[in-house]
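Take a look at these structures.
Two complexes are shown next, each including chain A; its partner changes from chain B in the first to chain C in the second.
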Partner chain A sequence: MSYAIVGQRVRRVDAREKVSGRAVYTGDLNLPHMLVGKVLRSPHAHARILSIDTSKARSLPGVKAVLTWEDTPKILWNSAGFPPSPGAVLMEDQYILTDKARYVGDAVAAVAAVDEDTAERALELIEVEYEALTPAMDVEAAMAEGAPLIHSAEKNVAAHMPVVIGDVEEGFRQADFVFEDRYYVPKVYQVTMEPCGVAVAAPDIDGRITIWTSTQMPHLVRGITAHALGLKTGKVRIIKPPVGGAFGSRLGVVNEPVAALLALKSGYPVMLKYTREESFLGTESRHPITMVLKTGVKKDGSFTARQMTAYIDGGAYATHTPSFAGPVAGWFLAMYKCANIKVDNYSVYTNSTQCGAFRGYGNPQVVFAVESQVDDIAMALGLDPLEIRRKNHPCEGEVWTWSGWEIESCGLEEAIERGAKAIGWDTKRNGQAVPSGTKKRGVGMGYMMHVSGARPMLHETSAAVVKINEDGSANLIFSNSDVGQGSGTALTQVAAEELGLAYEDVMITKTADTDVAGFDIGSHASRQAYSGGNAVRKAAAAAREKLLTMAAEILQVPVENLTVENGVVLTREGEEKSISVAEVSHKAHFGSHGHQIIGVASEEPEGNPPVYAAQFAEVEVDTETGVVEVLKVVAAHDVGTAINPTLVEGQIQGALQQGIGYALTEEYRYDPASGRPLNANLADYKILTAMDMPEVETILVEASCRTGPFGAKSVGESGLVGTAAAIANAVFDATGIRFRELPITPEKVLAALRAQEK
Partner chain B sequence: MKLPITLKVNGESYRLDAEAKRTLLDVLREDLALTGTKKGCGAGECGACTVLMDGKPVNSCLVLAVDASGREITTIEGVGGLDGLSPVQEALVDHGAVQCGYCTPGVVLTAKALLDSNPHPTEAEVREGLSGNLCRCTGYVKIVEAVLAVSRASERRD
Partner chain C sequence: MQDFDYWEPDSLAEAVTILSALKGQAFPLAGGTDLLPKLQKGQVSGSGVVNLKHVPELAGLGMERTSLRIGALTTVSSLLANKEVSTYFPALAGAARALGTPQIRNLATVGGNLCNASPAADLAVVLLAYEGRFKLAGPGGARTLAAQDFFIGPGQTALTQGEILTAVEIDIPPLHSRSAFLKHGLRKSHEIALVNAAVQLTLESGTDKIAATRIALGAVAPTPLRVRTAEAVLVGTRGGSAAWDEAAEKVMAAVAPIDDIRSTGAYRRHIAGVLTRRALHEAWGEAYETANHA
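Now for the complex of A and B:
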């Protein structure tokens, strides 16, 4: 199926303003009398706060507000951006400012002052008396007998989620072989180029407060912020300017409540902008997880039992973690068909910064473990690694255990075939790759499935208004939570396609404003093209129907004979009559009808079609230095219809940079004794530069689905989900060494090579 | 202590008094309202604040405003405007090399300086030239393609 605008590589709606430096981000705003906010952070990973003396700070000239726990509403809340839904387990354990320090960086006090120097001086003048407590920096320490309790509960395990399908013990009895392995994936950080945590809050004289914030979820942040402040939701207005990257880091409240409280207490607008170090210290990151996988398998490679026990390090506050355990189980159990599956997930508090959403939402963790073990199983059974995946993955027409719904379309077979060819699987696998001196080469692959939204676990409401102007152009009013991925552009294409207008004649609201646009969940779970796209298409279809009805009246032809293309309403066949959209709309506004043609939709999409990917990596391992160099990555992704292939490629390519980092270079580390972060900066936390990125080849497989807008599914997160597994499997192919812990650093590789020599 | 300085930015001269400790980045953003230059780290690690000083890219967060006095500064606001974008900017737009856009002004200036001094770089030279500008959205793939496309287009004109 080909379309006029969907499927085209149109320019982004926001490219010109960004490339010219004219896009105004939250941190660029300047309001009259705007104050500078600053947060005082705990230097201790775990400490009782015995007293806080703010008198000196308060008396410093230029200081307009000094806040501690005493000044915060005594309302517990949870920062995670979830709509009330069956899958949202929202344990409320946070105050805007804390009365106990639970990690290095925990917000203890906040100030607002006339300038940055004064605000920083005020922080220095706040005297806090701490009683340091022993920190628990990982799940072993936190779950140990006699561990220091991080919250007032009797233990540090916040939640335990068991899932049972069939009978795994029976499944293990039926197995010819049973594999049991332990995997660990570290904490990694999103590293948005605009540091996470920037908001401007301005109170108004009518008791409302407006917050400009760099967020993924304007409407949900409005609700959580209002709750934390003790306000009605409608009293808060959220405006979302361009966002400098998100990747999950802004999936919920970041620092909006602190900024708002400073603004309400001082009576002035307050800019609260975290530094790079503060964004590392005080905002959410990817969950470290220890996973024990036990898999029963027949000689032919079919699974008889699959079991995962996962210990999820959630950090100091619950936020996402108890809910996050749900998808972690879902990713695992839905990857491969098996009659007997058991998952035990433990969500554990530790004294590190709370963990939250990061692109993939647990899937990269689970896929690394599962796909590493499946490769080992294939090797042990003498099966082709590609074949064992083909044999066991769920297909179109089967029930996908993640959602419980039938799979609408599956492009995995094609992705595996084309990906394998592009990497040179048959010629490079099993040590066939040409080694050079002390370097060894290998290829590996990883497969994954991911969601298009989070139904039925979470609501996926979107709303759109399409209004046709008197000149035949149209406005698309949408709570545009584009955070860089290009969803604003894709939604504009969907609207233009449905309306039959030129792409340039449809203008989306670039800035989201909760006072203007209808309720939208925001950017999470790779949902914007699918959920947002469906609402936009329906709103556009409603406007189109009204437009055609009126055109039929003017042209004196039956409405079913009309269509609209490139701004002109014309008869499908037979008598050749036409009228421009501009003329119809002008008559609507100013003729006898006296109305504007407007289409509205607010709905949840019907399904949650999964996407598939097969990723392949070729690596070269330097046996003298231990350095793993990725030579090439091939990412073959089934995304459904690619609304804009350039945007889709961009999502995958950018995700790969994060996935390769996850495999090889990225780990946010703490000193286990003191709990202090060791690399809260971009010099020591290593993301890949332009020189580090390997050759990348993206392959788009468009297995369109029935329920998506023009057949689209999703792509936002999936580009990094299988990457670390593909690389680890390639390292195994090159060296015969299995790494079950990320990142695969030169130190680990050298140590393993030395051990192998013995 | 405030010192009188003259900043020459995008062809215009500005006389102002700047605290000795203030960076060029902060003065550009806060005193001259040139907010196209972004702050990503304040420590010279990310390149988001790249501007040109006498034609060479610098991290403006590592340059004291007083040290920039009298030098020719080019910020993103001085490259392309309502009357048209520069070739590098056009190429970034055409190749879909812009996502969140936060690193983009720095990338534009680095790429401009690279192509000004080496109009036909190899891919390796482009990657090395851009290695001080971190991007978390694109994997650099389309950015590198865009810069090479500018080089190819100018080759055809040469």
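Now for the complex of A and C:
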């Protein structure tokens, strides 16, 4: 199926403003009498706060507000951005400012002052007396007998969620072989270009407060912020300017409640902008997880039992973690067919910064473990790793264990076939690649499936309004939570396609405003193209129907005979009768009807079709230094209809950079004794640079689905999900060494090579 | 950020006068890529900043007879753009290419890299291998120090109160010489060296016999380290992997690396050996070409 605008590589709606530097981000705003906010952070990972003396800070000239826990509403809240839903387990365990320090960086006090220097000096004048407690920096320490309690949860386990299908014990009895392995993935940080944590809060004379914030979800942030402040939701207005990247870091409230409280207490607008280091210290990142996988297989490679026990390190506050445990189980359940599956998830508090959402939401962690083990199983059974995946993955028409719904479309077979060909699977594996001196080469792959939305775990409301202007152009009013991924462009394409207008004639609200746009749960779960796209398409279809009805009246033809293309309404048979959209709309506004043509939709999408990918990596391992160099990555993705192939490729390429970093260089580390972060800066936290990127080949497989807008599914998160597994499997192919812990650093590789020699 | 006074002298004499009057309470400022982050984080404290950018005596990059004079204010990107540097001093060009990012290279100066005295500084290890002459000017007049006498410890140099590094001179290497620079890090750009190495080999004309050699390593000791014990085992040999191995052994014995967030000391020591072998191999291949096919 081909379309006029969907599927075209049109220019992004925000391209010009971003490349020219004209885009005005939250941190660029300047309001009259605006103050600068600053947060005082705990230097201890775990400490009781005995007293806080703010008198000196308060008397410093230029200081307009100094707040501590005493000044916060005594309302517990949870920062995770979830709508009330079956899958949202929202344990409320934090205040706007804390009464106990639970990690290095925990917000203990906040000030607002006339400028940054004064605010910083005020922080220095606040005297806090701490009684240091022993910190627990990982799940073993936190769950150990006699470990200090971070909250009141027994053994620091916030939640424990078993999921059982069939009977795994019976499955293990039926197996010819049982594999049991332990995997560990570290904490990694999103590193958005615009540091996470920037908001401007401005109270008004009528008791409302407006917050400009760099967020992924204006409406949900409005609700949580209002709750934390003890206000009715409608008293808070959220405006979302352009956002410099999110990757999950802004999936919920970040510092909006502190900014708002400072503004309300001082009576002035307050800018609260975290530095890069503060955003490392004080905002959410990817969960470290220890996973024990036990898998029973028959000689032919079919699975008789699959079991995962996962210890999820959630950090100091619950936020996402107990809800996040659901998808962690879901990813595992859904990957491979098996009659007997069991997942046991522990959500554990530790004294590190709380963890939350990061592109993939648990899937990169689970896929690394599952796909590493499946490779080992294939090897042990003498099967081609591609074959064992083809044999066991669920396919179109089968039930998707994630949702319990039927899988609408599946392009995995094609992705595997084309990806394998592009990487040279048959000619390069098993030591066939020519080694050069001290270097060894290998090829590996990993498969993944992911969501196009959050159903059925979350309620997925989206809303859109399409109004056709008197000149024939149209506005798309949407709570546009584009954070750089390009969803605003894709949604504009969907609206233009449905309306039959030129792409340039449809204008989306680039800035989201909760006073203007209808309710939408934001950018996450890779949902904007599918869920947002469906709402936009419905609203556009409603407008189109009204437009055609009116044109039919004017042209004196039955409405069924009319269609609209490129801004002109025409009769289907030929060109005999036509009228421009501009003319119809002008008549609508100013003719005898006196109304504007407006289409509205607010709804949940019908489904949540899975997307698939097969990623392949070729690596070269330097046996003298231990360095793993990725030579090439082939990413073959089934995304459904690619609304804008350039954007889709960009999403995959950018995600790969994070995926390779996850595999090889990134790890946010803490000193286990003191709990101090060791690399909360960009010199020592190693994201990859452009120079480190290998050759990348993206392959788009468009297995369109029935329920998606023009057949679209998703791509936002999936680009990094399978990458670490593909690289680890390639390293195994090159060296025969299996790494079950990320990142695969040169020191680890060298030590393993030395051990192998012995 | 702390408050400080700011000076902008426009001659060397004025700069020296201001700095000595402030008795170590002020910092010279060149590109600021080391100094400003330290000031912002409060890692150094002082009352003044003396901007050297308008001191003409510190500028300039060019040949003076048989040596290259590198003014202290020379930026890393201008080293990269210079023909003499790439022709005669490939290790210096290599180190400049490996330093920081394009934005940093446009600001960072040679003088700043040396006076900051990081044990990992990329240019320091190279200028040690080229036996640079460090030109200093201070209240007591001008003096010249050998590279290896300039570095004293992490962040410490032989500069006395009020003294400024004005330039570094390096001689064009003898005929049939070749140098190489290698840097090891976790990524290819924007990386402080876990270990860096600079070597130079000089062959006897028309032979493959090594007449002289220099080997220096960085990030493996409190200062960039010249390893003469490793140099000694190579002189008079015909090179080759056994010789490189022997030199690498000497290097691994000489270095004293620390454990830190970036690497263990043991790994640094191992990599010091690997880089020595690889740099020698690379330099030897090219030196052999020039000695036998010129």
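By definition in this document, the second predicted complex is superposed on the first by the 755 of 758 C-alpha atoms of A that agree within 3 Å, B and C clash if a C-alpha of one lies under 4 Å from a C-alpha of the other, contacts with A are read in each partner's own complex, and residues count from 1 in each chain.
Following the convention adopted for this analysis, a contact is a pair of C-beta atoms (placed from the backbone, for glycine too) under 8 Å apart; a residue touches a chain by one contact, two chains touch by 3 or more.
No experiment lies behind these values; they were computed from the predicted model shown.
Asker: Scan A:Glu747 for contacts with chain B and chain C and give back first, second, both or neither.
Answerer: A:Glu747 contacts chain C only, not chain B.
Asker: Counting only touches as set out at the top, which of chain B and chain C does A:Ala541 meet: first, second, both, neither?
Answerer: Neither partner.
Asker: According to the stated criteria, A:Asn679 is in contact with first (chain B), second (chain C), both, or neither; which is it?
Answerer: second
Asker: After the superposition on A, what does A:Val114 contact: first (chain B), second (chain C), both or neither?
Answerer: neither
Asker: Output check: A:Arg669 vs chain B and chain C. Expected answer is one of first, second, both, neither. What do you get?
Answerer: After superposition on chain A, A:Arg669 lies in contact with chain C alone.
Asker: In the superposed arrangement, does chain B or chain C reach more residues of chain A?
Answerer: B
Asker: Look at A:Met193 in the shared chain and tell me whether it touches chain B only, chain C only, both, or neither; answer first, second, both or neither.
Answerer: In the superposed model, A:Met193 contacts chain B only, not chain C.
Asker: Once the structures are superposed on A, label A:Met691 by its partner contacts, choosing first (chain B), second (chain C), both or neither.
Answerer: both
Asker: Would you tell me the residues on chain A in contact with chain B in one complex that are also in contact with chain C in the other?
Answerer: On chain A, the residues that contact chain B in one structure and chain C in the other are 683, 688-691.
Asker: Show which residues of chain A lie in contact with chain C when the two form their complex.
Answerer: 117, 624-625, 665, 669, 678-679, 683-684, 686, 688-692, 745-747, 750
Asker: Once bound in the complex, which stretches of chain A touch chain B?
Answerer: Residues of chain A touching chain B: 9, 11-12, 14-25, 27-28, 30, 190-195, 242-247, 275-276, 483-486, 646-647, 649-650, 653-658, 681-683, 687-691, 693, 696.
Asker: Over in the complex, which chain C residues touch chain A? Could you list them?
Answerer: Against chain A, the touching part of chain C is residues 1, 101, 184, 186-190, 192, 261-264, 267, 270-271, 274.
Asker: Which residues of chain B touch chain A once you look at their complex with the stated criterion?
Answerer: 29, 33, 35-43, 45-46, 48, 75-77, 79-81, 85, 89, 92-96, 98-105, 108, 126-128, 130-144
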